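Once you scroll down, you'll see the structures, which are given as structure tokens.
Shared between the two complexes below is subunit A, which has subunit B as its partner in the first and subunit C in the second.
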Partner chain A sequence: MADVKLTIDGREVEVPRGTTVIQAARKLGTDVPHYCWHPGLKVAGNCRICLVEVEGMPTVQISCNLEVREGMVVHTESAKAKQARRDVMELLLINHPLDCPICDQAGECKLQEYSFEFGSDGSRFQFPKVHKPKHVRFSEKVTFDAERCILCTRCVRFLDEVAGRDELDIVNRGDRNEIAVARGAELTSPYQMNIVDICPVGALTSTDFRFKSRVWFLKQTRTVCPSCSRGCNVTAGARWNRLLRLVPAENQAVNRWWMCDDGRLAIGHVGADDRLGAPLVRKDGALVETTWDEALRAAADGLRAAGANLLALVSARLTNEELFLARRILDALGTPHRDVKPRAWERDELLRTGDGNPNAEGARILGIAPRAGGRGLAAWGGSAIGAAFLCGEDLDDRPELLDALAKASFVLVLDSRETATVKRVATVVLPGVTSFEKDGSFTNVDGRVQRLLPVVSAPGDARPDWRVLGELGALLGCGAAPRSADEALRALAAAEPAFAGLSLGRLGALGREAAREAAR
Partner chain B sequence: MPLAPRLMKDAPPIGRRQTHDEYVAAGGYDALQKALGMKPEEITQQVLEAGVRGRGGAGFPAGRKWTFVPKNTGKPVYLACNADESEPGCFKDRQIMERVPHLLIEGCVIACRAIGAQSAFIYCRGEYPHSVRALEEALAEARAAGKVGNDVLGSGWRCDVWVHKGAGAYICGEETGLLSSIEGGRGYPRIKPPFPAVEGLWGCPTIINNVETLANVPVIVRDGVAAFKAAGDDDTTGTRLVGISGHVERPGHVEIDPAKTTIRELIEVHAGGVWKGRKLKAVIPGGSSVPVLPASAIDVPFTYGAVRNAGSLAGAAGVIVMDETTCMVDALVNLMQFYHHESCGQCTPCREGTGWLEKLVTRIWKGEGAARDIDLLDSVADTIGGAQAGKTICFLADSAVMPTKSFLKHFRADFVRAVEEGGSPVWRARAGQGARAAAGAHG
Partner chain C sequence: MAYVTVRRRELTFAERLYLPSILKGMAHTLKHFVGAGGRAGVTMQYPEEKWQLPSFYRGVPSLVKDADGRGKCVACSLCEYVCPPRAISIVPKSIEGVVEKAPEVFDIDMLRCIFCGYCEEVCPEEAIFMSKEYEICGETREELVFHKERLYEIGATLGADAGVPDAERKWAKLAREQGEQGVTGG
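== the complex of A and B ==
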């Protein structure tokens, strides 16, 4: 469609016909204050904070529902526009509890931000406030405070328009209005926690995260959710070296603004009690701590001895770089027996892919699968196992295989947790880290290579898996160990056409598509 | 001052409904027969030329509104008749619905013909059970007589009319709140654009007209534009039905020629004058939402333009009369309770502001206010809206602001007195009674 030229605050901008003024302003880097408007939801036009002045129009206009017109002259900072905003701010706060000191939203609250920017330092309202229900349970995941709510209906619209579950609405009328679930019901949407993120104020809080930390103390890191092959972009918040929450980070090519609740809440493994903090070797039937040098040497010796007979199970939860380094080792050993353990994950139409391996696509591109004559995981139970390498994997859910592995002469396990597999069958244990503790990349279901960044540091002496696999490869004569995940990705890029030209820096915040056609 | 009964010419007395046969005997449904022989655009053109302005209050030319229906969208077109008549002081539409319902039904069917609709919904306020019953009985007669239904007057054209009852919310009289309500949703007014003529009921083009507006359509089609324009002037064509209430000897309604009837005549001639021989203090001419006029400003004809020039709006023609004993603080408390209670709560300024207005004026009313509260009341009113403010989706906030501002402008002395004398006379009398009762109980 043809572009329309207009002027906003004295600057010209050209946008496609049908664009709204608030969007055109964003193109100029001007963020017109807004509560109810959200780029991923239909326009509601109820908060009235985005009022602007338009030359030739007698009344102020909400910029969220005003389509641009050729030659339009908009003022977002004129006296009239500013007064209108100040008026709305004053009214939003008269019945608001102003309980910022105990509110979880403080620090990332639009009411606070706009108050700070253009609000008043006092109130002309000297009456008892309207009281409404507090700490209302919307579900086990979401808690609601009706007094903090500004009735912007983002939550109502998200559940209806995006999650496809019309589970919230407004009851009562006027300044008694409240958001509510149907009587006796609770929210059921598997995406319901997104309403906590898009709530511009402290009305909707995450039952999991609330009261854990003031948000300004969080170290916020952009990374990728490891729960399925969608690879939703997330902002991970950590404090005291503890991962406290995940919230979705916008990426229009992947998850838009959203993520599923299961992915969001799947962070317990990071700070789990059974994390491995030191290399272990089995002596006289018991696992004992040892040094990295000794453990790596024992691992290399065992692998070398097994050679082409080694059964390898490589996790598609490892990064592209790690899969590449693992493949290098298996190639050096000449074993055709390599496979990936499938991981089920509930599928839906919105984001969840059904594949619980976050780097399933990376593993596919890198060809982590049985070679000619190779023994895949399905055939591990068939006959005795001599030596095995569980690279980032466990078989806790396959007790019959653990029985077989218990009889093997050598079982090398690289993992971040002391699983039943480690306890029962490992001969050598190399402590790796979780995806929240390392640098690297995943390739998502659509072939987009996305960057992981460390959010917290791993316990004890655990090392990033890329480093472990690099050093192990060096001992096996595969060449020098990469000194960084970036160096590993550059080596991968040089070796695999699908990743040609990539480096961690080049992935940027939003990732880049792998040249998958080249891999086929 | 000439009476100009046109809509109500053949109306039976209050309490009785004109039957289908009576209506037909008086020439009823002739206009429909005529309209069926016309092209839809010709009907619209006639209504356009007649210049009939919306009788629901906004005064928008009905014919022009009809031209906004987009052509060839492939979607059905709907007609919604606003019969919510929820504006305090207004009771003119019920005269039509309860006494000459066939006039409205005929108007609906002709309007449908003009705009290309085959369904009309009459959204009638729930507090009007008599209107609903009259409409439903009349509709049954009209269906039986082939005036409404699958084969209108044997033309093979289908057009149906339905009565939809409201549930008591003022906001559902706002035209887009009305649409939300018909659809079964919460009575929330809708942001514009899209305008209802483009996306109304169920996302389809919808024209919304007031009862009296539609009742004028058969008159225009039957008698022609010139005859219609014989009443009124260029600004306000045709007659107006006016309701007069408050401190008058004979409250009621009357159909007038607006160009030849002043507000004073409405009160003094048609309503028998201010009651009890008292003097006039104030008039709200168009229903509770419009600015109040002082007694000195009422010698103006009841046209849209003349009343606007006098500082108010003819609105929905609900003339509320207040005599010299009225304390305007009392009156404003009543109005603010209403707007606060009826605010749908969608837009911030109205949701939060109407309550604040009520609290402020109540404080003054009870004698708990200070002089600065009067200025604050005026200032808070500016904060939430006003004429040409555009701060909210619909006009409810502005409807609370206009009385507030005008009460303070014309009758500030009443507010000052309430502050200085410890409350309005009514409040003090009531508090005094309370005190006496309490003293009695303890004595």
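== the complex of A and C ==
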């Protein structure tokens, strides 16, 4: 389509025909105030806050629904535009309860932001405010406050357009207008918590995060959701060294602006009570705490003794760097018995891939699979097991294999939690960390290598898995242990063409495509 | 650099004698002793007597209750945020009723507090006030972390004494209006 040239605030910009003025302004870095407009949703044009002045037009126009024309001259900061926005703000706030001290949205609320920027410092309204239902449970996950709602319909449109469900609607008329669960429907969408994120005010809040912490106290870290192989980009919020919430971070190549509720809520394992905080070795049938040096030595001795007979189960929840370091160890031992444990996950058209291993693709590229003559996980139950290495994995869901492992002479477990596997069968336990506690990268289902960043620090003496595997490898004569995840990735990049040229720094915020063709 | 020579004043004979000054001082002391009727009138008999503190005195920060006896704090955490020495720590909780939120934990570490009064200034609910309480002592560090109950105890005293204004009575007003409009929370 032909480009159109227009002027916004005295600066010229060229955009394709059909672009709206608000998008053209964003291209210039000008953010016109908006509530109802969202780049991922259809235009509704109902909040009226994005008013701008256009030369030659008698009234101010909403920039979200105004298509650019050749030679258009737009003023977003003229006196007329500013006054119009001030007036809209006054109208929106007439019945607003002003309960910011209680409201979870405070700190990331557009009403607060625009009030601060150009709102008035008082109200001229002299009558009792219209009251509406507060703290209504829309569902187990979403709490609704009708008084705070400005009826922008972002939530209604998200469920309709993105999640494909007409579960919310607007009911009643005039100043009694409010959002409600549609008649005959229930709010059950597995993506419903996105409406909490896109709600520009405090009308929709997360029941899970409700009153946990004010958002301005959160240490916010961009990382990757570990719940499925999509690898949705997330911003993790932590306080008191506790992971409190995940919200999606925009990445057009992966998850756009969204993420699923299951992934968002799957953070309980990080602060779980059964986290491992010290290396353990089994003495006289019981696991006792020991030092890292001793545990690593015991682990190395056990692995060396098992040699090519070792059965290895390597988790595809480990990072690329860790898979590489684990493979290095298995190659040194010369064992063909290596496999990944499949992990089921919901599957749908939007984001969920059906594969609960966040680094399934990394494991595939790195060839973590039975070699010629190797025993895969499916064949573990076949005959007796001599020695096994459960690298970042547990077999709690496979009791028959635990029975077999209980008879093995040596079982090394690297994991972050004291699982039933650890308790029952482990000979040596090396405490690893969760994906929210370490540096590294995952390769998502489309082959995009994305960076993990530590959000909280791990309990006790637990160490990042890349460090444990590096040091274990060094003891087994695989070469020096990497001093950082970045160093491990550089070593991986040098060894594996699919990752050629990558380093953690080069991944940037949005990740990079792995050269998967090279791996095939 | 210019300088000035200061000449030391020559002392008179009486001054050099030293005793007259001593006697002068004794006379002054005697005058006050007699003037106070033989009592030590200058010394305040603390702790039997207490200071008359000015209205702007900033003592221990305290939490107050409204006229309905409900704690006013809604755990917005602004005081926690503004507190320069980070003396305040709050954990909010959800409660039933017109107000949705209240502090589960509200601690002020009095070993950290610098009595700056920012917490009182920032509070949007007028729930925290600098009291006139200044007797802060304890035998352990833990004892000097004032918990919610203690802070409300100190605040209630302040509320009675200073008549903390609650003219707006905003929650009562909200409940009334909600009732009139037939709206209930949740």
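The rule is short, and it goes like this: the second predicted complex is superposed on the first by the 516 of 520 C-alpha atoms of A that agree within 3 Å, B and C clash if a C-alpha of one lies under 4 Å from a C-alpha of the other, contacts with A are read in each partner's own complex, and residues count from 1 in each chain.
FYI, contacts are C-beta pairs under 8 Å (C-beta built on N, C-alpha and C of every residue); 3 or more make two chains touch, one makes a residue touch a chain.
All values derive from a computational prediction rather than experimental measurement.
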item	value
More subunit A residues in contact [subunit B versus subunit C]	B
Contacts of A:65 with subunit B and subunit C, given as first, second, both or neither	first
Touching partner for A:102 - first (subunit B), second (subunit C), both, neither	second
Partner chain in contact with A:116 - subunit B first, subunit C second, else both or neither	neither
Touching partner for A:214 - first (subunit B), second (subunit C), both, neither	second
Subunit B versus subunit C as contact partner of A:130, first or second or both or neither	both
Overlap of subunit C and subunit B interfaces on subunit A (superposed complexes)	130
Parts of subunit C lying in touch with subunit A, wherever the complex brings them together	74-78, 80-81, 92-94, 99-101, 124-125, 174, 177-178, 180-181, 183-186
Complex contact set, residues of subunit A against subunit B	43-49, 51, 58-62, 65, 67, 84, 87-88, 90-92, 94-95, 124-125, 127, 130, 150-151, 169-170, 172-177
Complex contact set, residues of subunit B against subunit A	169, 186, 191, 193, 340-356, 359, 363, 376, 379-380, 382-384, 388-393
Subunit C partner contacts - residues on subunit A that touch it in the complex	97, 100-102, 106, 128-137, 210-214, 216-217
